[in-house]
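Following are the structures in question.
Look for chain A in each of the two complexes below; its partner is chain B in the first and chain C in the second.
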Partner chain A sequence: MRTLEQTTQEVLDLATKHFQLPAGSLAPEDDFFKKLGIDSLQTLELLSRLENHFAIELPDYEVQGVSDFKTLAERIQSRL
Partner chain B sequence: MKSFTGKTLRWEWREGVIELTLNHEPANEIGTAMLDELEQFVAAFPSLSPESSACIITSNKRRGFSAGADLRELYARALPLTEKERVSGVRQFLKRVHAVLNAIDEAPFVAIAAVHGVCFGGGFELALACDIIVADQMARFAFPELRLGLIPGFGGIPRLKRDAGNGFVRDLLLTGRSVNAARAQVAGLVAQLTSEGEVLRAARSAASQITKFDSVARVAAKKFIKPIPHEELRREIDLFCELFARPAVMAALKKFVEDAGPMPYLP
Partner chain C sequence: MLDLSQYQSVGEALREALERFSKEVCLIEADREREKDRLTFAEFKKRALPLAKALQEAGFSEGDRASIIMTNQSKWLISAYAIFFCGGVLVPLDYKLTPEEQWQLLRHSGATLLITEYPIWRQLSVSVGRAAAANVKTVLVTEAPANADLAGAQRWEEFRGEGEPRFVPRRRSDTASIVYSSGTGGRPKGCMMTHENYLEQCVALTSIYPFWPGVRYLSILPTNHAIDFMVGFFGPFTCGAAVVHLRTLRPEYVREAFPKYKITYVSLVPLVLKNLQKGLQARFDALPPGKRKVFNALVAINKALTKSRPRLGLSRLLLKQVHEAFGGELLAIIVGGAFTEPQTLQFFYDLGIPVANGYGLTEAGTAITVNDLKPFRADTVGKPLPGMEVCILNPAPDGVGEVAVRSKTVMSGYLNDPELTAETIVDGWLMTGDLGKLDETGHLQLSGRKKNMIVTEEGKNIYPEDIEKTFESLPVKEFCVFAANYIWPKRSMTGEQLVLVLHLDQEQQYDEQLHRDVTVRNQRLLNYKRVHGVILFDEDFPRTASLKIKRNELAARLAKLDSAAAIRPL
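On to the complex of A and B.
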């Protein structure tokens, strides 16, 4: 089973790839709304990627109030 | 009319298959403009149907199939009206939408929804009126209406109950959460799943297969396997209008419309 650190890194890698950013652009504490300038529909796109990658379901109400990658990874970890 | 290009959609008939493409910025919100053109589409069924085995409904908007009802238009139109006028206006709109979706649901050809991206609210209801939903792995489905103090009003609950187990229906409706296409397939809503960007190709492949079959048998099979829940659909309109009459709904619509933040489509 993945550790939280592994999950966090995979979340960062997926978000980097999905939003076509240079490698290493994102950090766990980054606020993804401010850093990426994304809206809720783009957040749902990322959610789909993450769900497909981790083979989980993450209800979008669990993402409410979450704005950094580290907390997002914790939510995902709880569903693994 | 074998082809039509309007402001919000276009359709084209080719080799026994009609392809309806939703094309309304930003995410195919269903308001009066799209409803007008959907009514034109179903008005063309008597001339299209005799030579059509299948109809694909798809979107060319990057964001997805449809984000649902045009809430900004609904709020703008409702704001200057009295409560009685609002409810009457909404009832008339719903009756028109139901007439369109019932026509698609009952059409003698097989309707295939080719879904990518967001398929929420009224958009989800349009997909559910179809016979087959093909979705790519990035599609998401939701009934977020409870967030506005409403229920789905375009026939969503009766049609969702046709396809999915009641427990799943309750989860979607009562939490307002969105589910991905893989989950929707497990629940029985999505018939075929494709990789990203492949949904139209898959829908065309299914449509081409359908054109090979005897039309009388096809029409009989569709009627037999998919009853239309007319009574429940009528009751849904009544319940929606009762809920819509409450001030809390206008307050929720105002909040959605005025939300400049990144979160309006998140619960």
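On to the complex of A and C.
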């Protein structure tokens, strides 16, 4: 079982790779809308990637109002 | 379809539709690749009437208000029908609002009943806003896990009455629903829509884009939104057509739904349309040079042949693969909710996919104009719908002025706000606050806004007053939020942004700490509601005798600043 820290790091790594950013450029508290300059649909695309990676299903409502990686990782952790 | 002139209310028309089209499929609900539910009109009725009976047994009666806060799914529509059957007034709320905002609107609406989904209720039930909305006496929650703590709510699935409920008739002039067009942080704008508003709008829309049994409408926009309520519920139901709900809006599943369910119509906001365009463009760009050349030639032929009107059969033959990706039966993509860039509309039309660009306001009963595609025009929002009178007030020499609308579809007013109603509906004309002109062919061209607000590409109306609460107690002398276009008007309705105007205390600096404070508060707002920049203004804000900011006067003073230099990006 992953710890929350591990999950958070994997979320950051995956987002870094997905958006082709330099390693270490994302932090848990970062607002992904702002940091990545993405809209709500692109967020849903990222979510699909995360679902595949963690082999879980994250309903859309689970990420409603979430805008930072830390909270996103917590939502994922609760479904692992 | 039903002859809607024969009916007095939404509930009455729906009741007749459930009888008339009993064997037709009315609802398909899918979650990702799994189909969860498929209902005929008869089965829909069978699920709705026990709920209506239980509501009546619980004392819910004529004129009582009931709110629905749910994602798009079958229980949304079943619940709405049960409410109308009992003569109730529907209060559809946006499930994307924060719990505090939802409680605020629940309180304002006077709703006594709330129907919601368990994940939403989980957040609502622990929100501090709950105490203020004591008017909500009964809460029904769908899909709650077996051992869930319902925090005083009841299970929707078990809320069933025995025997036939009594249908409660309503008059055309009675309020059918209260739809909030804005006002979560400031002055709630609850549009009171009458039964006549809906019946008339449905007749007007279906005269141009008809539904019939076998038609399938893909419901993506939230059903609380006036567009989806009309074209994703009332319109198709009264014509015997079916609605397809998706429980996720992931682009990959939306794309799959078109061929899987042979979709006939879909309504989209510009953001989603642009996302589809991006996906298609990437696929076209990836074609090998030879195939790309052939493809471009076919698009050019299609473009020439559809210049005066769509020729769907021909387009489907010429650009078979593109149309198959959309299921091969798509008749039109209806686009609204916000301004759509002409090149996006043209992109789809050139592929032979009719895009019906429209313009509307909740206050006007959804759509005011829609493109009839005779011929297609990417530069306008179409012509007024039948029964809609549109006029341009005080036009400038170039013909541009405020758009005003008169129609049987215009709301009766704002709930509990006669003053705002009187400002908005003048001598029967609805002042839209949008600027535009009618061209010689009767098409409406929009060119900006007169009002202090923005509309995002997702179709969200954002009023600056609504988000000022977030910046309350900011350690500055005074502050105010504006739509940048309101200060520096431009002839455009895209890329609209909000700005925060700060008047600092004497000797105070806009330092790192203040910047951080502003940023943190800004991030508390949902992403589409955030301000994009800060303006420092070193004069006292003009105020009324009751100390309210004179926004128009302040905007006029700010307009003297150079916008590029004045706005510090956040």
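The working rule: the second predicted complex is superposed on the first by the 80 of 80 C-alpha atoms of A that agree within 3 Å, B and C clash if a C-alpha of one lies under 4 Å from a C-alpha of the other, contacts with A are read in each partner's own complex, and residues count from 1 in each chain.
Going forward, contacts are C-beta pairs under 8 Å (C-beta built on N, C-alpha and C of every residue); 3 or more make two chains touch, one makes a residue touch a chain.
Everything quoted here is computed from the prediction, not taken from an experiment.
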{"item": "First (chain B), second (chain C), both or neither touched by A:52", "value": "first"}
{"item": "First (chain B), second (chain C), both or neither touched by A:31", "value": "second"}
{"item": "First (chain B), second (chain C), both or neither touched by A:63", "value": "first"}
{"item": "Common ground on chain A, meaning residues reached by chain C in one complex and by chain B in the other", "value": "33, 39-41, 44-45, 47-48, 57, 59-61, 64"}
{"item": "Chain C residues within the chain A interface of the complex", "value": "32, 71, 95-96, 98, 117, 119-120, 247-252, 271-272, 275, 457-458, 523, 526-528"}
{"item": "Touching residues on chain A, where the partner in the complex is chain B", "value": "33, 38-41, 43-45, 47-49, 51-52, 57, 59-61, 63-64"}
{"item": "Interface residues, chain B side, partner chain A - complex", "value": "27, 63-64, 67, 117-118, 137-140, 175-183, 262-267"}
{"item": "Residues on chain A engaged by chain C in the complex (per definition of touch)", "value": "31, 33-34, 39-41, 44-45, 47-48, 57, 59-62, 64-65, 67-68"}
